[in-house]
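Below, each structure is written out as structure tokens.
Two complexes are shown next, each including chain A; its partner changes from chain B in the first to chain C in the second.
Moving on, here comes the complex of A and B:
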């Protein structure tokens, strides 16, 4: 047990938790806005993967990790535009189209990867880190929390911004109305379609950024199917958070810790097969759903496309 | 609205049936063939973008999957697991349950069949070995859906997420089982014991087609008849159309929900067993053909109709066989079929939308 409590172990655990949590946090925050507005965005896995591909592609081509993040946002939003047109504008089934988009992006990125990178497997240089002055000198938590890539702080900041947006602004109220009672919003003069399109595009941007983080900061390269269900975990986080961004953060950190615990155990010399390690986050999701699933609250009009005058 | 919503309420469904009867045959044909054609054109554009001649690719697929004797036999053999999966999804979707976890159920069914059948050879008569393999696979598949089923039936937890999570878990767990528990001690590569060719499902006549095809066809037709012609099927469809109304009509919605999960996941398990007991003979570690999600568009394109699903599975199977050899010969990765399936799904959705608008104008 003593080996488990060394500074190196704790530091790698905390670092791993945060690194693993950021993509899920971004995806969960994005999905949360879609769900608030009444769109169950199953395509988020595809948006994330497209963000990872385009994020890496741009970062590699232009040799700039920041342009890469921008590319990731654009990639996620490209898929989101399709989702918005097909599911919000045309009112097609959100689950079928969501699965379709995810499958399509999986195939497309694997195809592009095959023709572009599969021979060379290029890597990005190690990302820069922003040391927050003084704070990064604290032992254990200093290097793990306060010496990370700036995107981490942006993700954490967006939790606060979104919480404010949902609670204190008209846009937040409109979003909620679009998910709970679109007909009432329509009667009140709100634009249901506009709000939902906005929320889907926002989801795409966040998921794309999360994907780009996964590729550019997490791995340093693009691998086909590399998101491996992180987007789906984002959906679970959004479902369990009952509309609160802070809970998405807490959930993401718990799953991140579950992921990094096993990595840290390996560092500490434990011998667990990788398949078992990869099972942990999904098992954790099921466990959480079993305990708290009853309390997951979803907007009344979630997954139902709105058509004026339809019964 | 579209697709699944077609069966949402029995009232609109009957209206739609009346409208459909009046729809000219030409338009029905266009609504079916149009999206398929559009999907192939869209995918051709993507192929051109990565520098592959789409005509060459498509004609190669047709040649390999449909117009060569061996290819056609492979196509027919590959249909078996896909048909069982169609049966699984037709039950679930008609009953309004989104079982998106068929991949995990499929693999675990395959693993249990591969783990038990080779050990039973010689102990039991051949047909009984196969029967035990199939029954165990169905049970294990159903067992893997019990958590999502309970959560949905008694706690109202959305099954889309739970089945997906169990699917990820199942795929990894299957791999763990192969590597740690059911490992064949006689080989160095991690895989289960192999069922001898002579003990697998018999082949049809003088061909290499596995008789799993026949069982798959029977499964789809039986499920189709059960859902459309029996009182039990009507109950399931009522639960799918409107659970509140079904509860008011005196049906036990939670129990029926459990039954849907068990049947759907059971068929997914059978799909896995049919691939192992009919063709592969063993499960290698990390083997995952991931047919589950890809069959979904076919089932939707068939509008949950058994016969239509069989026809589509035939063409899809030909495409899979063709693209597998195209991957080797033309250097186009097999993942490209995912692009095709996705474009098919999206074009199909657009077709439904156009149809819907045209009907609205007529009324």
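Moving on, here comes the complex of A and C:
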């Protein structure tokens, strides 16, 4: 077992945890805002996948990873616009539309990729890393955490920014009110529809960015269906986090660690059967759900479209 | 106190015409005229009471002033100028703040956050200003609130104070209080009355909606009585000043429950009452709660051939009584006896088999399944019973034949028995439900508001049919909020208020005097031993 404590093992575990956690963190933070405002955004998986596709496409065409991230944000928001029009403006069922959008985007991106690249999967050049001065020199932790792509730091920073937004600003309060009691917000002169549309678009942007990270930094290429449920895990994270961005981060790291443990254990060459190792992330999900799932508190008006003066 | 000219209604648009004018406003909802050609003027410095039963149109008027609904016809005027209030924002901008009957606060936010709710998103919450202004409100209006408490954890009275404080923080000119005392203790209601007085003394206009007569007199400067969507009459400040509380309440009762001008009482049904007691209820009680009224010491008897009317303002326990009789609501204490059988603990199906039938007022909700065809709805309460089911297997031909017979017998207007029942009009659904309840050996039939929401022709037909049922020797309990209906049909009338029986009166053709007596009982004004809710 001492093999588990080698530098190679710990380093690959931490690195893997962060790389796997960032897309889920971005998706979870995005979903959290939608849910706060009362929109259950099941379409987030589709938004993420569209972000991955468009993010890769733009980065590949223009040979710029930063333009690629911008493309990912736009891709996620394109799907979010559909969600906002159908579910917030027209008040259609959020679950049905969300599933529909996800399935539609899965088909569309696979098709587009096939037209363009047929069965080849071209790679992007390895992304630059930003070494944080001094911190990146710490052994083990340094290279794993403080020598990553800048998007990682942006994602971590957004946890703090969102926590401040929810707690200290009128926008944060308006978001919470729209999810708890839209009628109260409406008669107080707030704009229920406006704030819900904003939250859905924000979700799209965050999910799109997460998708682009997955394709451009995580894998360096685009494969159809490559998000593989990361968006759905984002929904779980948002629900378990009880409205706190920091808890989304903690959850994302736990899931990320469980995912990367499979690779790290194989790298370390332990004699645990691979079947058991590959089961770990799913066992972790179930364990977390069993322990914390019951305490998840969701906004009262989550998933319910608002119609003024309905009787 | 008002230095303004107290002009009445049909105002020409001029600046002295009060803060808000409602001009011949009318509002329709599917199947109902909620507000019918109402004109009102709201003056600064006055507590204007809107008084009326449930369904009289009070809440719809509030909705119009709050920007939730716009009138179909007629218009609003602000300071004499024609205006639209198309959204809550427009209403707030016009200086109108509404404290709704049901709290419009976000329970998970703090008091402070609820006070500033609706502020532009890009502005930063300004705590210091709010604290300073709350200090002033505490001095002037005795509004003292814990700013950092979670709103949902406060009492309803405190939550109401938050809403009033919010109205004042917005510098409103008009404050609407919708059924504001219904959730307060008597002491809380008095405090609210004093607070309203201070508000109007500071130059605001207050619109106070209530269905309690004595509150209307004590707190109000001007009382407008609404009845079935129409303005039944108004008592202005000069008039009120000359009246004692008793005299004023007499006048209001006359407006609320008196006959509309013209026409005497409808022809009374020939009685078919016998001596045989079919249903005997002794000391019936049900559990109450925050939202549900409990029943207390309900005792009544229904004889064969008798129609026992139950009068009362909607929501005073009538529905709970009907459900307790039908077996849909657990009985805490007391006894229900049907002929010789005690059925207190019998369930719905057992009571139905023994002949106790209940025709709900919730036709589309619990009465029928809208998407199912008429045929299935006619046997909803007999699922599994022969002849419509045989050893657990449905027999569609028998059910269809039964439905066709019922359609023909009750003259239901429908293409055929396979039409989904939800597509029929209220009157036709009512016929189907009636046919279902009369199936087999019905002995006692409980009707809950059988003519509510029907058109005139169907109302007449339904009343006639209820008379026929009694004439056939069955016992009938007729719950209604329509006094005309009860006086035309019932042999005796029980008045319910606050979940209790306030009086039992023989419908002996007492005419106007009887009608007003019932009205006072309904309003809970007559008996002094009234429990303070």
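The definition used in the following text is that the second predicted complex is superposed on the first by the 294 of 311 C-alpha atoms of A that agree within 3 Å, B and C clash if a C-alpha of one lies under 4 Å from a C-alpha of the other, contacts with A are read in each partner's own complex, and residues count from 1 in each chain.
Quick note on the criterion: contacts are C-beta pairs under 8 Å (C-beta built on N, C-alpha and C of every residue); 3 or more make two chains touch, one makes a residue touch a chain.
Please read all numbers here as calculations on a predicted model, not as lab measurements.
When the shared chain is aligned, chain B comes close enough to touch A:96, but chain C does not. Of the two partner chains placed by superposition, only chain C is touched by A:308; chain B is not. Contacts of A:170 after superposition on the shared chain: chain C is touched, whereas chain B is not. In the overlay built on the shared chain, the residue A:195 is in contact with chain C alone; chain B does not reach it.
Of the two partner chains placed by superposition, only chain B is touched by A:86; chain C is not.
For chain A, the partner with contacts to more residues, out of chain B and chain C, is B. Touch criterion met: A:187 reaches chain C, while chain B stays clear of it. If you check the complex, the residues on chain C that touch chain A are 29, 63, 66, 68-69, 87-89, 92, 98, 100, 103-109, 113-114, 116-125, 166. Across the interface of their complex, chain C is touched by residues 168-171, 173-174, 176-177, 180-181, 183-190, 195, 300, 308-309, 311 of chain A.
Of all the residues in chain B, the ones that touch chain A in their complex are 1-5, 46, 50-51, 98, 100, 147, 151, 155-158, 160-162, 164-166, 168-169, 172-173, 175-176, 179-180, 293-294, 296-297, 300, 332-333, 335-343, 345-346, 349-350, 352-353.
On chain A, the positions that touch chain B within their shared complex are 40, 42, 82, 86, 90-93, 95-97, 99-101, 103-108, 110-112, 114-115, 224, 229, 232, 235-236, 239, 273, 275-276, 278-279, 282-283, 285-286, 289-290, 293-294, 296, 298, 305, 307, 310.
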